[in-house]
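Look at the two complexes coming up: chain A is in both, with chain B in one and chain C in the other.
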Partner chain A sequence: MTGTFYVQSLDLACGALVLAAVLVLWRRDLRAIVRLFAAQGVALAALVAVLGVHAHDAGLVAVAAGVGVLRGLLLPLLLRRAMRAGGAGRETEPLVNVAASLVVAALLALLAYAVTRPVVALEPSPATHAAPVAVTVVLIGFFVLVTRRRALAQVVGFLLVDNGITALAFLTTSGVPLAVELGVSLDVLLAVLVLRVLTTRMHTAFGGTDLDDLRELRD
Partner chain B sequence: MTVLLLVPPVLPLLAAGLHAVFGWRRGLAWLGVPAAAGLLGAGIALAVLVSSRPRTGLGGFLRADALSAYMLIVIGAVALLASLAAPSYLAAEKAAGHATDADLRRYGVLSQAFVAAMALAVLAASLGVLWVAVEATTILTAFLVGFRRTRNATEAAWKYVVICSAGIALAFLGVVLLHFAARHAHVPASGALDWAPLVQHARALDAGVTRIAVALLVLGFGTKAGLAPMHAWLPDAHSQAPAPVSALMSGVLLSVAFYAVLRVRVIADAALGAGFTRTLLLIVALASLAVAASLLLAQRDYKRLLAYSSIEHMGLLALGTAIGTPLALTAVLLHVLGHGLAKSVAFLASGFVHQAVGSSRIEDVRGLLARGPLVAGCLAAGLLALLGFPPFSLFASELGIVRAGFDAGLGWAVGIALALLAVVLAGIGARTSLMLLGTPSGRPGPGAATFPAAPIRPAVPAALALLLGLAACAALGVTAWPLHSLLHHATAVLEGRP
Partner chain C sequence: MTPAGTVGAAAQVLLVGAGSPLLVGVMRQVRARMEGRAGAGVWQPWRDLRKLLRKEAIAPDGTGPLFRLAPLVLAGTALVVAAVVPIATTASPLDGSADLFAVTALLALGTVALALGGLDTATAFGGMGASREMVVLALVEPTILMSVFALSARVGSTDLGAIVTSTLHRPELVASPASLLAAVALAVVVIAETGRLPVDNPSTHLELTMIHEAMVLEYAGPDLALVEWASAMRLTVLLGLFANLFAPWGIAGASLVMLPVAVVVFTVKVALLGGALAAGEVFMAKLRMFRVPELLAGSFVLAVLAVAASFFLV
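After this line comes the complex of A and B, so read on.
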């Protein structure tokens, strides 16, 4: 892979990654949000594959396939199932409207560039130059987590955070050690399964999955 | 060596497997007791073995030094108390129609796997594996928090999983950044997240990246340790879980998460100097104490009261760690064990009160001492221990933290902490004295059909657990000499001395 082509495909994958996150802020239809999340999973897998091909690392390309299967297929499948069980539909009015969310996303991107300066300074390579993009995805994920009111949208927020962190791990050091990566993937998968069961229980206990109903426990 | 290192996580896993196959039958309900006793025994054996040098096992995957051995003893001790009390507690839950046989089976599997995950967390040689184990505890305890499947329990479980997973995700971001810094400091790729090489190469870590990583790690593991500002899940989760699980979560899980902060601090102080983590931990400590004090004052629910007391004690641990002198660090370690014992006794006793009264509101409980002298006496003694009264070991450890604080020139922070502790004392004292003394003719709670007639008499093993916990906590307060050498070596680990 030549130098320019490598940088271009890297940037393309990172662009797709952050675009999917921003579009999650824009859309309210839960089905569309899950599709966007699946697309982001594919972009992440492509990113890892590009890094693997560039480094002539067959192991990394295999990891990319694993990432694609987990984040592009398996997790979206689980979310779709949960949606069917929870009688999905549209996000009720979010706490922050779409226009304001997009402005916040821009501010979060600036913040991401500011905090990752030491990372880029330590090793100014094309991959680490993309680190702020990964951190932007993390921050947008947190924003979705705190402003969305539907249980499923919160889960997607959590998964966006996780996608962003995974992207950062591969951009900076071609990934954490494999044993850790496997453990993390398993934890994420199980966390989503647990949240799926809890969504169903919430549906039976509260008659809906609107998180505004969760206000019995307070001081 | 590998065998001894494998015992603590594998014994509870075996118990979990047996529960999965055979359910929660009469005899099997006690399975947790030998598993916890074995864990405790392995912890003590490791404590003796690793005093000279740390041991590794399973190809470097597991590693035990004095600090790991000490944490294993804490986990074993609290798990022993919880598993002694669990059978009668769950039998009462089932009799009251709150749980089916399937629920009990799930309880057995999840609670044992939870203990195994904690044991793995403190034995992990690498920060990454520690992270995986800590996140696993969140997943395993989610359904234990939501055990009763009521609206409240489901709400608590949801908040617990979402907030803790998000918080611990921050910690993972820190792990990724620390890994990046470590690879640049020429730490070999195979062990770039292992404690020993990280501490060895700490001085070569890039300061800018390490600073972000450490802040994220402290905030992330702090979430799981119930430290402010991400503590909101704790009172809900700890008050909704069944009492033995509350005891484990409050007594050890918080400390296991704090153990990660302690380990990270060693690396951070070598890489960045002591100032950075000290400032960070001081802010977190005082914020946690302030949150706990303000919410304890008007608390109406006795289980939530105990949960806020956990936030207070985690704040004290953070304060002691911020001070960071050998005296303070030894006191922090002793405080971990003392708090684990006293808090599990208090949670177990309050669980039996809750089952008898049918309400966790403070105003529904009056004149406990007359109704169940043993349970009420143990609850009172546990609360006194948590408030730092002698002869319990929390008195000694709090005194140690305060003295070390004044010696280190952090008198102002210790002064604020002491003022907040006085507020906590007033709050808990005023709320609970009515519960314990009062006249038994108080307004009965909604589910209190039998109140005030039936006396509260826990089964013999449960009573034994309460008394054993209090006796151990008091004995450690009088003399900590059996632990003296272990505490000495563990403090050395915390100071970054090999």
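After this line comes the complex of A and C, so read on.
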């Protein structure tokens, strides 16, 4: 895979990555948010696969397949199960309303572009040029984490941050060792499993997963 | 200024002027068929216009010249935009003096004139419709500018003809993220600007939801005909601009021979887009008024991301 086609497919995968992150901010329906997260996982896998095919690195393509299975199938499946156990299907009232948070997303994109300019300048290539996109996804993930009230939406925010970090790692280093990627992926999987159990417990104990209700200690 | 460009611009104005009511007819017909009705046929908008034009011109008591001027300004701006925008030819003689900003300003001028006409009647509905239209306009204008700006950044010119020509020369750019994001943003904005579902429902007079219809409620006879005709022209021009920015194939450059082909191709493109829009509307409900800014903010973000992508994904 050479030349324009490589750049085009790389850019398309990056575009899908950031589009999914923005749409997560846009939608209120938790099921739609999980679907978008799954789509982002697939886009991330495609991104890694494109990099792998371009570098003729079979290991990287294998990692891409692993990323796709974990982030496109397994994690959304777990989230869906947590949702079935956890009741309410909508993000009722985010701390920042949707229109404002979309505008914030635009600002975050510009911020990401500003802060990654030195990184891109180090070694300009199509892959490093896409680094601002990955940083945008990280920042949008943080924003979701901070402003959403439902536990599940916050988990998705956390996973967005992780997706962004993974994308950034692949874009800037052209290949993370398999062991490292495996370790990170297992960590994420474990975190989601723990959060899922936590969400279910919260639901049975308090009847809701609105984290703002959990500020006070009680016995 | 080439003779082909002049003929092309004249052809564009004729095509849009005569074809836009037909486009509305096609869209209504598609919708009627999909809802299981027979429909009134594609010529019905033209028949309506003829009927309205034969009526006596009536202005409500207490309205000033603004009320009478608004339809004329709306129709005039729509015709000028039809001559400028690359619909059938990229070599329009007005192209040099009217770029993206001028086109957006002309569209806004028409909208503002109509909103002022709505306010002039001093009825509750006119004021309500005008204020809602201004809300939508304030959110739509920056998005139109931004999304076309994303396309113009790589050309280095805000001239619409130049943008279309460069897309013709480098078709692979259509699949770039900047172009795709801009396409989605522009699609949402075109729907909002022309008052289609889910932003406004063109076929209802339900007071709680209407935007465009509320402003023109007091118009009758030839004035109403002019407003309806101008709205149809704006719809056609915006759909045509959308089609030619993202799929410019078939448009004529400076050659006279290509012009008939370009006219036919444009008609097909706009009919397909309009049909798709009408078919999509069947499955859609109108958004609550308070959710509309959310939708438009979303499209604005997509446009900003498109501009950003056109700069950093190079």
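Keep in mind that, in the parts below, the second predicted complex is superposed on the first by the 214 of 219 C-alpha atoms of A that agree within 3 Å, B and C clash if a C-alpha of one lies under 4 Å from a C-alpha of the other, contacts with A are read in each partner's own complex, and residues count from 1 in each chain.
We adopt the following convention: contacts are C-beta pairs under 8 Å (C-beta built on N, C-alpha and C of every residue); 3 or more make two chains touch, one makes a residue touch a chain.
Predicted model, so just to flag it, every value in this text is computed and none were measured.
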Inset, instruction - Once the two structures are overlaid on chain A, check if chain B and chain C clash or fit side by side. - result: fit
Legend entry - chain B versus chain C as contact partner of A:Ala191, first or second or both or neither: first
Inset, instruction - Based on the superposed arrangement, let me know which partner A:Trp26 touches: chain B (first), chain C (second), both, or neither? - result: second
Legend entry - Contacts of A:Gln154 with chain B and chain C, given as first, second, both or neither: first
Inset, instruction - Kindly classify A:Val138 by the partners it touches after superposition: chain B alone (first), chain C alone (second), both, or neither? - result: first
Inset, instruction - Of the two partners chain B and chain C, indicate the one touching more residues belonging to chain A. - result: B
Inset, instruction - Pick one for A:Leu12: touches chain B only (first), chain C only (second), both, or neither. - result: second
Inset, instruction - Classify the contacts of A:Gly3 with the two partner chains as first (chain B alone), second (chain C alone), both, or neither. - result: neither
Inset, instruction - Determine, under the contact definition given at the top, whether A:Val103 touches first (chain B), second (chain C), both, or neither. - result: second
Legend entry - C-alpha centroid angle, chain C to chain B via chain A, nearest 10°: 150
Inset, instruction - State the minimum pairwise Cα distance, in Å, between chain B and chain C in the overlaid complexes. - result: 18
Legend entry - Intersection of chain A interface sets (partners chain B, chain C): none
Legend entry - In the complex, chain A residues that touch chain C: 4, 8, 11-12, 14-15, 18-19, 22, 26, 97-100, 102-103, 105-106, 109-110, 113, 120, 129-130, 132-133
Legend entry - chain A contact footprint on chain B (complex, rising order): 61, 126, 128-129, 131-132, 135-136, 138-139, 142-143, 146, 149-152, 154-159, 161-162, 165-166, 169, 172-173, 175-177, 179-181, 183-184, 189-190, 192-193, 206, 208-209, 211-212, 235-236, 239-240, 295, 298-299, 304
Legend entry - Touching residues on chain C, where the partner in the complex is chain A: 172, 175-177, 180-181, 293-294, 297-298, 300-302, 304-305, 308-309, 311-314
Inset, instruction - Over in the complex, which chain A residues touch chain B? Could you list them? - result: 115, 117-119, 121-123, 138, 142, 145, 151, 154, 158, 161-162, 165, 168-169, 172-173, 176-177, 179-180, 183-184, 186-187, 190-191, 194-195, 197-198, 201-202, 205-206, 211, 214, 216-217, 219
